[in-house]
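Across the two complexes that follow, chain A remains constant while its partner is chain B and subsequently chain C.
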Partner chain A sequence: MTHLAQTLILGLLIGGVYALMASGLTLIFGVMKVINVAQGALLILAALFTFELWTRTGMDPMVAILVTTPLMFGLGWAIYRLFVARVRNAPISMTVLLTFALAITLEGVMGVVWKNVFRSVTPGYFTRSFHVGGLFIPQAQLYGCGVALLMLGLLFVFLTKTWSGRAIRAASENAQGAQLVGVNVNGVAAMTFAIGVATTGAGGSILSVLYSFFPASHYLWISRLLGIIVLGGMGSLPGAFIAALMLGVAEALTQTYISTRWATVVPYVVILVVLLIRPQGLMGSKLREDVAA
Partner chain B sequence: MGRRGSKLLGILAVVALVTAACSSSDDGGGGDGDGGTIKIGASLPLTGDFSQPGGEAKRGYEIWQQLTNENGGLLGKQVELTILDDASDQNTVVSDYNRLISQEKVDLLLGTFSSLLNLPASAVAEKNDMVYVEPAGGAPDMFSRGFTYLFFAQQATATHQGDLFSQYILSLPEGERPTTAAYPTQDDPFAAPVIDGIRAQLEAGGIETVYQTVYPPETTNFDTIASDIKASGAELVAHGAVFEDGIGMIRSFQKVGYSPASFFETSAPSNSSQFSDAIGLQNTEGIFYAVSWHPDTDTPLNAEFVAAYKAKFDGAVPAEDAADGFAAAQVLQAAVEATGGLDQAAIRDYLHANSVDTILGTLSWDETGAPQQAFLLAQWQDGASQIVLPEDLATTDAIVAPKPDWAS
Partner chain C sequence: MTLPRRGLGRIAIGLVATGLVLYPLIGSANAYRETVLIQIFLLAVMAGGWNIISGYTGYVSLGQSAFLGIGAYTVGILSMHVAVSPLLLAPLGGIAAALIAIILGAVIMRTRGHSFVIITIAFLFLMQALALNLPGITGGSNGITLPLPDWSNDTQQLPFYYSLLGLMALSVALSWWIRRSKFGTGLIAIREDEDKAAAIGVRTSVYKILSFTASAVLIGVAGGVYAYFLTFIDPRGMFDILVSVQIVLAVLLGGRGTLWGPVVGAFIILPLSEATNASSQGTHFVLFGGLLMAVVLFLPQGLVPTLNAFWARRRGEPSPRRPARVAAEPVPVAPYEDPHDRDGLPLLELEALVKRFGGVTAVDDCSFEVRRGSITGLIGPNGSGKTTIFNLVSGMARADSGRVLLGGERIDLMVPWERAYLGMGRTFQITRLFRQMTVFENVVAPLPGFSWRQLGADAVSGPEAVRAEELLDFVGMAEFASHQAGHLSFGQQKLVELAQILMLDPSLILLDEPAGGINPTAIDRMTDLIVKLNQRGVTFLIVEHNMPMVLGLCDPVMVLADGRCIAQGHPHEIQANPAVLDAYLGRGWGEATERLEV
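Take a look at the complex of A and B:
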């Protein structure tokens, strides 16, 4: 019983972090119908920025989020203006190709600048745990999950309480309608993309403590994040949150009770099962392509 | 010889060079190589999953080239290296070696890194009747295909890599000897057989297996596995790691508050400062690993290799992977010099019949190209890696046991 509780705790903590990482991806898809395959590479880039800050100044990775988030926001804005805006209305396969090319380019650049060496940020608490009863709660996971939930909360408040946030949601629900009531849909798209990429700032900083990483690690992350947003319903933020927690728990349970061999397959199995049984995901809305066309 | 004599010799040399240059277009670069150089080709994983060891192997090849050329070259000719990047991809490595042989027309080949990539690459060399000395790739599958041109330039294949560790554990007096063991390993053709070998030997010696698992290379989170091992109560852990997973497992052991009395891990602990930086120097104490090379052993050219590497790469200590690359090139060099030419069949026959001294020690091969020696057993002690077994190559008499608790 303790063992099961322990497994659930570990799964939920990781799930909280997954939720933050997936939020940007699902947000971008929701508003722009662009699948940003480079999200994983941007995550690793933010982790490398955190690593630089930590080694040069000793800045705690959780504090470094205050630096990496605006940095990634700016980078997201630039990527949108320079590349994504040009294929904005092209078929979705074109945007996938473009962002995949971006991911590979970023991997190459990171390899040249930071070398193909495994890195990790190791503040004092990264291997410590709180012991409660017979259970242990790793401190890094707890802080990481806490910060991730805080960032998600801020994002939620922004989307529901501010004019810009409501504009994003309006554009995601119905772009033409939003345009009619005075929303600058193109400006909203740029801002959404930038915010989506900005979430990798916090995500990458947390990742840098929880995992060791190197430039090619991004493939693993993007597949996991895609699994989450497909399960949650492409474009649905609450869906991605629930799906991330489920995936975290499912991975942990699979490792303990089935086989470690199968744990990394979980995201792919999730994608397949969801596509078969409920293609719109947990909280996604059905696409009415017949009407939209 | 007077001045006139030396002038005549000079003219003769020029004539000889010109004719050699003219005729070389006919023989296609084979035979004794064209012009004044010998071309050696290799493909290495310089990007992708194996880029870290691949980059080190490249450095090893390059240091060997530098030292060889400084000492008069190979058969009196300068060595030219062509190293392609296979991006850690099995298809790319095949096309790379085909290109080296048919387009670059290299005189000799050196192998790539990891069993995964050497499996298809060595088949290309075998088909073209070219000697293939590989620096890393000791999976049993490599040597079960009846290849005759393949040679593995380390001391032992993967299943025998942990032999000295199992022997040491079983030699401990009862009471000190662990009774239970856990065997987590990555699903990697080089890591898993090492752990299988150790498990078979320890089980035969009466040590009970209480946990074993094989996890895929994509695994990044080890908290659950560490928690399961802790729950199993194992006193000994033999972990089949590549690199990242080795670090991840140790971190997770610390998080769950578990420290095995005996801890063996493949590959990761041999990455000197990269390993100690990642887990913290104090935490390395007592960790065992099997290793092919150590910077302090007294083997031919070892000191020169370490010095040249340090001079070229900002004072860094070579990684084992760089030393393995260097040793592979030494093996090829020894055979070429002993046979006095570039005849691939002669080189092959020489290596099957003779042993070669390298910076790893003396190596010899059976008819499948599998080496016949034993890996060194190393242990981290006081923040440095030491060879503890075999006794004649040991750099210290002490063995730390049991492993102290994690420092932080």
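Take a look at the complex of A and C:
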């Protein structure tokens, strides 16, 4: 029983981190119907930045978030302006090929600069745990999850309390409608893409402590994130949050009761099963596709 | 394309083919160059497969290289247990790939664009994970070592060379055959507009599964041959995303949806890959990722179409080819069975239909009938649910409750193409022709039924060509037969769309704003056509805002407001009905006018 409780706690902690990482991907899809396949590579890039900061200055990865987040925001903005904006109105197949190409390019750049070796950031609390009633809670996991939830909270406040945030949500629900009431949809798209990529800043910094990583790890991460947003319903933030917790728990259970190597298969199975049985996911809306546009 | 250039192209293809067949036999051949050619052929086979699902059908797969691994592993595993040359086992790799494609096809037939991309990525990595995690079957990360070739050293790589060259030829032949069959036309229709394709009788689910299967089968066979060529396979090498990148890049660079694009692309991409092989893996990724970005951004059409267009401009040729014109008197449409025989009986019945979109109830307990032989009008203010009703009747949307009957048969649970087979055709408010196809191709695209044999039939049979010409004559668009549909004016597109659905020999036609946004001459022609067709027994249900047209043409007229049918009757009754005025002009108007008249 303790065993199960322990597994669930670890799963939920990691699920919280997944939720932050997936929020950017689902936000971008919701507003501009672009699947940013490069999100995984950007995550690894942020982790590498964190690694550099930590090795060069000894900066704690949780503090490094204050650096990586604006950095990734700027990078997201630049990627949108330079590449994505050019294919905004192209069929979805072209945008996905573009972000896929971007992912491959980033993997290559990371391989050239940082070489294909596994790294991880190991601050003092890396191996420490809290013990609560027979359960142990790894400090890194706890801090990671806490910071992720904090960032998600900030994102939530931004989306609900600020004008820009509301514009993003409006554009996500109905782009034409938003345009009609004075929302600059192009500006919103750039902003959304930048914010979506910015979430990989915090996500990558947390990742750098919890996992060892190397450039090609991004495939594993993008698969995980795609699994989450497919399960949650593409474009739905609450859906992504719940799905992230579910996937975290499912992976933890698989790891404990089956084996570590099968845990990596969980996201792929989730994707296939969800799209077969319930293509709109948990909280995705069935799009009204018949409107003559 | 004029004849001389076509001839020139054929000669060039023949020369290259002969060169490739003879190459290993002439003295100068060396093993390294042969190896490069073998890999080019392999990439061309894979690119050709990808072109079927992603070029013709428009569904982008990023996991196509998984089929290479499936073929390779099928042959690798079998070769450990049976003492047959792996080269002879290779076709089984194709069968395995095809079977898995059919199973995955069950998923893709339910999803659209973006979901499919995600599935294919997941599929590739799932296959890799299975190969790693099932060491009992696949050898896990140690991989499988196949027996060495059993032929003499003198033969060297020739069996691999010719097997893959043959597969490349087969791949081109398969693509060529698909493109000129009804199957191929259906795939292009799905790419251009999937809902529309379903509405004109293309059984999209079967088409999509078959297309995915056709895209996988030769890759599976090639994988089997390639495994034997390498004599060693492992999960990372066989389920490699970089191979998928090369496939995508080869097709995009060559020309997506073209016959020779994938081959041309393979001949460019693979040597490039070989030339940069010595550099680090990172550089390799930067090169291919960057190239793919550049192609997507700056050369989305690919080389073959771009060069074709360039040559066409240089020679001042008219770009679209005109099909051979069938000399025929303008024959009116074929007479339908029992014109006016059972007039007055309901042909289409809507019973208590309800459709909600989130919190909006677009159709709210709506019931009415369309009598056989009538021209029934459906009017109502914007947002009253007219187009939604069309979607429910034609099967593009499914009602939350209620029933739809056609000729007494319940159809509301049927998919759109089944309804088309029963004799229902519809047009769209904003026309939905396949814009990349010519007018003629648009008109011959509809399928009034489904059969497996029909899939392989020529895209246009003789009788169909004659019929299409007749129908284009009938709507007065024959002279535009060879024009690209997207280049026509809106009114012309409406006429072509009418001709298109007439190919289905429909007994019921749903017209969504046939006069909307077109000039008065075209409106007159449209009205004239509707009357003529109706005289031959075609029943119409027409949504229209042009009141003179509705009042002159339709009887009865149904009035829709807030998703319900609030009034029906002769046009004059409708005009005088206070409820109708209320619906159009707001509550109170009906009473006000009554009072005024008093």
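We take it that the second predicted complex is superposed on the first by the 287 of 293 C-alpha atoms of A that agree within 3 Å, B and C clash if a C-alpha of one lies under 4 Å from a C-alpha of the other, contacts with A are read in each partner's own complex, and residues count from 1 in each chain.
What we mean here is this: a contact is a pair of C-beta atoms (placed from the backbone, for glycine too) under 8 Å apart; a residue touches a chain by one contact, two chains touch by 3 or more.
Every value quoted in this text rests on a predicted model; they were computed, and no experiment measured them.
When both complexes are overlaid on chain A, chain B and chain C end up clashing with each other. Touch criterion met: A:127 reaches chain B, while chain C stays clear of it.
In the superposition on chain A, A:283 contacts neither chain B nor chain C. In the superposed pair of complexes, A:251 makes contact with chain B only, with no contact to chain C.
Once chain A of one complex is fitted onto chain A of the other, the partner contacts of A:116 extend to both chain B and chain C. By the touch criterion stated above, A:268 is placed in contact with chain C alone, chain B being left untouched.
Within the superposed three-chain model, A:226 lies in touch with chain C and out of touch with chain B [touch as defined at top].
Ranking chain B and chain C by residues of chain A touched puts C first. Looking at the shared chain after the overlay, A:108 reaches both chain B and chain C. In the superposed pair of complexes, A:10 makes contact with chain B only, with no contact to chain C. Comparing the two interfaces of chain A, the one with chain B and the one with chain C have residues 108, 111, 115-116, 220, 261, 264-265 in common. In the complex of the two chains, the chain A residues touching chain B come out as 3, 6-7, 10-11, 14, 108, 111, 115-118, 120, 122, 124, 126-129, 131, 136, 138, 140-141, 210-212, 214, 216-217, 220, 251-252, 255-256, 259-261, 263-265. Chain A contributes residues 29, 33, 35, 37, 83, 86-87, 90-94, 96-98, 100-113, 115-116, 215, 219-220, 222-223, 226-227, 230, 234, 261-262, 264-265, 267-269, 271-272, 275-276, 279, 285, 288-290, 292-293 to its touches with chain C in the complex. Taken in their complex, chain C has these residues touching chain A: 54, 58-60, 62, 106-107, 110-115, 117-119, 121-123, 125-126, 129-130, 132-133, 195, 241-242, 245, 248, 252, 280-290, 292-293, 296-297, 300, 357-358, 387-388, 391, 396-397, 428-430.
Chain B contributes residues 46-49, 51-52, 55, 184, 187, 213-216, 218-221, 223-225, 227-228, 231, 243-244, 247-248, 251, 254-257, 274, 278, 280, 406, 408 to its touches with chain A in the complex.
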